[in-house]
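Think of it as A, B and C in the order they're written, each chain with its own count starting at 1.
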Amino acid sequence: MERTLKMTSVNSNWDDFHKKDISEKLPFFTRDGRLYDCLFAQQFDRKLLTSLFKTADALRAITQKKEGMDHAGSLLSHTRAMLYFVQPSTRTFLSFLNACHILGVKTSEIRDTSTSSEVKGESPEDTVRTFSSYVDMIIMRHPTPGFVEKTAWLMNLTNRPVPIINGGSGKDQHPTQALLDSYTLYRSFNGDMDNKKIVMVGDLKRGRTVRSLTYLMKNYKNISLAFVSPEQFRMEPDILEFLKRHNIPFTETGDFRSVMGEADAIYMTRIQDEHDHSGESKAVDYSPFYFRSEHLKLIKKTCVIMHPLPRRNEIETSVDADPRAVFWRQERNGMWARAALIAHIFGADQKITR
Amino acid sequence: MERTLKMTSVNSNWDDFHKKDISEKLPFFTRDGRLYDCLFAQQFDRKLLTSLFKTADALRAITQKKEGMDHAGSLLSHTRAMLYFVQPSTRTFLSFLNACHILGVKTSEIRDTSTSSEVKGESPEDTVRTFSSYVDMIIMRHPTPGFVEKTAWLMNLTNRPVPIINGGSGKDQHPTQALLDSYTLYRSFNGDMDNKKIVMVGDLKRGRTVRSLTYLMKNYKNISLAFVSPEQFRMEPDILEFLKRHNIPFTETGDFRSVMGEADAIYMTRIQDEHDHSGESKAVDYSPFYFRSEHLKLIKKTCVIMHPLPRRNEIETSVDADPRAVFWRQERNGMWARAALIAHIFGADQKITR
Amino acid sequence: MERTLKMTSVNSNWDDFHKKDISEKLPFFTRDGRLYDCLFAQQFDRKLLTSLFKTADALRAITQKKEGMDHAGSLLSHTRAMLYFVQPSTRTFLSFLNACHILGVKTSEIRDTSTSSEVKGESPEDTVRTFSSYVDMIIMRHPTPGFVEKTAWLMNLTNRPVPIINGGSGKDQHPTQALLDSYTLYRSFNGDMDNKKIVMVGDLKRGRTVRSLTYLMKNYKNISLAFVSPEQFRMEPDILEFLKRHNIPFTETGDFRSVMGEADAIYMTRIQDEHDHSGESKAVDYSPFYFRSEHLKLIKKTCVIMHPLPRRNEIETSVDADPRAVFWRQERNGMWARAALIAHIFGADQKITR
């Protein structure tokens, strides 16, 4: 494969590279018109999203039958992946693992660094390069901001790079969550993504899923957003700037009921108290930002209720039975969207959609 | 698949459902005349047991050769299973895992809840539903009594249920252990299960394997049982009541030697001191309930010595070389019996026995 | 398969067996002219090494294409392996795991004894016998010296033995590391292993990789060795005796630069401070035993720089880009060499090289 971007001196120094705007970096992680590494939600444009959604839909369709599942399982049976998840994660991990299994990718797992050579004083860069020796792809969740990007950058400078997929990196990026959220909207709206009102609710300041999803909204026409949060956890200014720059209208409010009726999708999130500095979450009354059974009669018949899960009390369990509660489907969509992404990276997507 | 039992209001409330007699619950976990969920030893009747044993025997036979193993590995290659083992377990876990591998089932493992979203405050029910999103079956060991049953019940109320197999739940049920114990008797007795005397030895009060196996004995004709235990760890009254109700004769004794000579099978168990409240096991002299080399000359030439393992000192290691010591084969039988069970649940058993 | 060595009384007692010279033990771990268990570097003679290297090369060649990888993945698709790694290990574990995956071997992992029945008071011998019940091979790393050998010995006395591969046992043996190191020399020297000068650098006293590799050097003609180490960590007398016995010339020095220019291969190692009794490593200035960028101009154009990894500071990262730095390839060679070994044990190597 020929690299789209030639290696230049500026790319061979991490600090210089890291400082660049994401749009400048993207070609470095692309080959032959395909994603090579998947690191940022900003890598997904409308055309790519539509292509991935169609692959995911086709994969679901063919795997309804044993023959189709066995066909899917043969597509990447010659590849091996490493799932390197240093941070606790259940659903992202399992979702990726089973996406690999659907495509026949053989998997290795590192989930606990205490079993690793890190105890022998190896640098994180050497550790990751070691992993890459044995496999054809690394799917990585890492707590250090920028570490996944740095790994991909480093790999691309070696003579045996492998694709890196970001499974959640620090507080900043979780691109496949944005991918599955968009895919859920796509399926919920029967493919018609334009002219929609999306309401995002909860701890918007510290929830990376709402941040990433917001980035993707620029791909669609005539989207409007409403942000519903406690005063302390309002959406960060960088996102609001982004929306203004792209002429995407938004409102901010603390009154959930006031925007329920207009929503085409309501995206619920939990309070992110693991990011508290000194228990500030406890000072907040989060209950006005719960979705309750009584709200079902206030929302449109076509409105969908989403949640990245895990939930605490943000959505009453009695809501689950309503057909508009799509968060369990959303979770399962993650597996299919990730399988589509992996198929895309290895160029196997055309063998699915044909 | 059509459900055998229609959903009724009484089934939609867990507390009501849970209180019902097991015999009333069984249809709820059955579909199209097959087990859908495997939760209780009471689900195994003689016909089903015989069918599973024949499947297990056939699977062993065909997998002697590479072609046969590859055929077995293709039967369920379109399915994925989750092994959710919250309690420490080696042999049950490995036995199920390799049973899956024999049939080509792709596996995900959760063995350590510290990597799970439980740390983020998710309910156990949501956690299990998440797991089910990615797979076609969940094999579960859980310390909370009734939790595995509740999971199966809950799954059956959703629009995407998956079969649940109980891999050991609290102190009460471990149905596949009973299955493999019966299978070991079946093989040891060349298929002739009737008219046998079974001697069970050790901590009968707290050993769930002897409890579950006793339930299965009602499936066979003219069985008699002898319970050999310290006074403090005698078989519980509910089991003795069960035997009386089904006219199965039994005796209780503390004198192991007195019943050795009549036994067709001796089922040894270790002291279950992990269930001690305050070290009561230490007050018991367990050595009269050991099987020693010197006992080999006292038992029938056809008598088999079983043990669910792990053992401590209940059976001298010098006994292992005697052909009547079948506990290592018993362990391996577990893998085959579980593979047969999984094949049954997915309706693949006919492709094995044909 | 018929055993090469008949069972004799002396073999049936571990203490007697263990005391024997390794050369006397080897037949016990061999069947039909093939390795059955892989326990000691001394099992590899020149003929076997050449055969394994050719298998590894052939495997790499055919797996360049999807069809070839799928063929490789069918060779041992009827087998299952257990990776029992009680000691922390990343690269050896991953290397073996992916070697299994390349050949289609299905894998089970035990990496944390806290999930095991060892907590229930089972003997280590019973635990290993349990593992063997479910699989066709055990790959084992264990901290207790001699434990892996004892396991293999014990298995061979049962009626259902499985091959045991030593993945690193105590301080003494790590035969597959020696195998991959030799394979790296073989590839670096284009198959011409004779007449070479090998320089080994670092903590030679406690590094088992340099010890094992030294044993293998007797298989080649006109090899000479130079040992470069701090005074406190010189190569142990038993190895020096071994070299004298086999007329392999060697020198010892503390002056790294003095031998750099003659080397055909430089084998770097890190300080093994995990084996310190009381922090003695801290008293040593290890920096004279580092390989730095400035040394690149002092070594032959054909000299290769090796390291078993993980490294700390023994090799500057700026050295990595030099084509003579082969330690990353060495790491990857481990996967291929181990795959070749597994294929050999199961007699599948001829299906690769044909």
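Here is the rule we go by: a contact is a pair of C-beta atoms (placed from the backbone, for glycine too) under 8 Å apart; a residue touches a chain by one contact, two chains touch by 3 or more.
These numbers were taken from a predicted model, which means no experiment stands behind them.
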Taking all residue numbers at the chain A to chain B contact, is the shared part over half or under half, that is, same or different? different
Rounded to the nearest 5 degrees, what is the angle of the rotation that puts chain A onto chain C, matching CA atoms? 120
Centre-to-centre distance between chain B and chain A (centres being mean Cα positions), rounded to whole Å: 41
Multi-partner residues of chain A (each touching 2 or more other chains): 112
In the complex, chain C touches chain A at residues 63, 66, 69-70, 73, 85, 88-91, 93-95, 97-98, 101-102, 111-112, 270, 274, 309-312, 317, 328, 331-332, 335
Chain B-touching residues of chain C, taken from the complex the two chains share: 74, 77-78, 80, 82, 106, 108, 110, 112, 114-117, 119-122, 125-127, 129-131, 133-135, 158, 160
